[in-house]
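Chain IDs A, B and C follow the sequence of writing; residue 1 opens each chain.
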């Protein structure tokens, strides 16, 4: 027997669409009905949100930042200096 | 409680202020420190996006280098119709695509990066057809208490880094642009020649994989 | 039109987290106006008719006035604007628990019907005798039912488990599915109607 509803296995594929506000109306209605009663899928949604937030926080994490190779950087600074007509800076 | 549905994407009539506006001023004045800051700041994201188009890390480094040289060259002509960041990513994407084509590597985004049908959660986490609740969680997710705080630990950040690094390159690129760089969906579609639907699928798969890695981490903590 | 709205504790929209303006000194709360096309889920104010209530149970139940062109969804109404008129005080955690327990009894009845039909009179009698939620759960888990009744019995246990943990909305969902499992798809609608009636009576709802 199948019913006109969205179940958890389907919802997990739609979590990002939901967070993006990019869901057609009929689907959104079914999703909201499901979320109203499924605390587990609400937890999954929070997981996805937390994950996106954690990924965003890596922007501030120097450990995530492979630095440009010294020689490459040096060469770029040289090019920048030449283009700028040799104006200020300590590099 | 459910997350807030986000507001509709901002229209072109009200563009977000350029987060790099101050840096741009310094760059135009020839400030080399500002330039080094800029290059260092964008290097990881540039690498990840470039790597989605080309065959090796080394080639990705070359693409990034070419991007900066082109940016230096074009800085005087940059009219600020877009943000500095968007402008830079456009240069990068063009360089990367060109290099990818030269390498005769098929454009990765045309086929969703070729990952095929990838369920966000392994099917065994859900009840099967003979069960009382087919399609409902069999092993439901546990609520994460204080995720922001707990994800700051060294171990968590290392696991996160590893999880992102393990993603297919196309997923890394979209995840980087959307969640690390905070670009809007339509900007990313424009940069990477993706339809909105494709972009969302790739983003979702990336987030789902990273979520799974973080869930493993949290579950281990509990054990 | 007058209808209802469930909000999370503190008067917050369950999906929007919007803090609804609350009625004060007999005066309705301020009008809340949706920003766009009222027929679209994302940009309309939602409400429940009595028949819709069982799908949306939350901490607080409010009576609300909905104004403008009202659109009807599957189990909700949408309007361009609405304002809260009064709190339905009868809806609290205790009432939610009574409702959940009532749904468990219904799920039990459906399981008993399935056991009767499958010929397991002993198990049917054992389960029929249980009235307390905890005992229904224990009894249902303890039965080794014939295959034809297996899922209905499992559902009764699930309903009881969820009700014990305060998840009234889930207990209601389970009872509706249990009805359909035993008596076919039309029974689901009838079960939901029974649930709505229970709420109407318990809360003296007139809208």
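Convention: contacts are C-beta pairs under 8 Å (C-beta built on N, C-alpha and C of every residue); 3 or more make two chains touch, one makes a residue touch a chain.
Note that the structure is a prediction, hence the values are computed from the model and not measured.
Student: Sort the chain pairs by how many C-beta pairs are in contact and tell me the top one.
Tutor: Ranked by C-beta contact count, first place goes to A-B.
Student: By CA centroids, point me to the most central chain in this structure.
Tutor: Central by C-alpha mean position: chain A.
Student: Farthest chain from subunit B, comparing Cα centres?
Tutor: Farthest from subunit B by mean C-alpha position: C.
Student: Measure off the straight-line distance from the CA centroid of subunit B to the CA centroid of subunit C, and report it in whole Å.
Tutor: Their C-alpha centroids are separated by 41 Å.
Student: So how far apart, in whole Å, are subunit A and subunit B when each is placed at the average of its C-alpha atoms?
Tutor: 6
Student: Just the number, please: Cα centre separation of subunit A and subunit C in whole Å.
Tutor: For subunit A versus subunit C, the centre distance works out to 35 Å.
Student: In subunit B, which residues are in touch with two or more of the other chains?
Tutor: Counting only residues that touch two or more other chains, subunit B contributes 1-3, 5, 8, 133.
Student: What residues in subunit C touch two or more of the other chains?
Tutor: Answer for subunit C, listing residues that touch two or more other chains: 14-15, 42.
Student: Could you check subunit A for residues that touch two or more other chains and list them?
Tutor: Correct list: 21, 35, 38.
Student: Which positions of subunit C touch subunit B when the two form their complex?
Tutor: Its residues touching subunit B are 8, 12, 14-17, 42, 151, 154-155, 158.
Student: Of all residues in subunit A, which touch subunit C in the complex?
Tutor: Those residues of subunit A that touch subunit C are 1, 3-4, 21, 25, 28-30, 32-33, 35-39.
Student: With touch defined as at the start, can you tell me which subunit A residues reach subunit B in the complex?
Tutor: Residues 7-10, 12-13, 15-22, 35, 38, 40-59, 61, 63-69, 72-73, 75-77, 79-81, 83-91.
Student: Mind listing the subunit C positions that touch subunit A in their complex?
Tutor: That would be residues 14-15, 39-42, 55-57, 73-76, 167, 169-170, 172-173, 177, 180-181, 185, 188 of subunit C.
Student: State the interface residues of subunit B toward subunit C in the complex, per the touch definition above.
Tutor: 1-5, 8, 131-133
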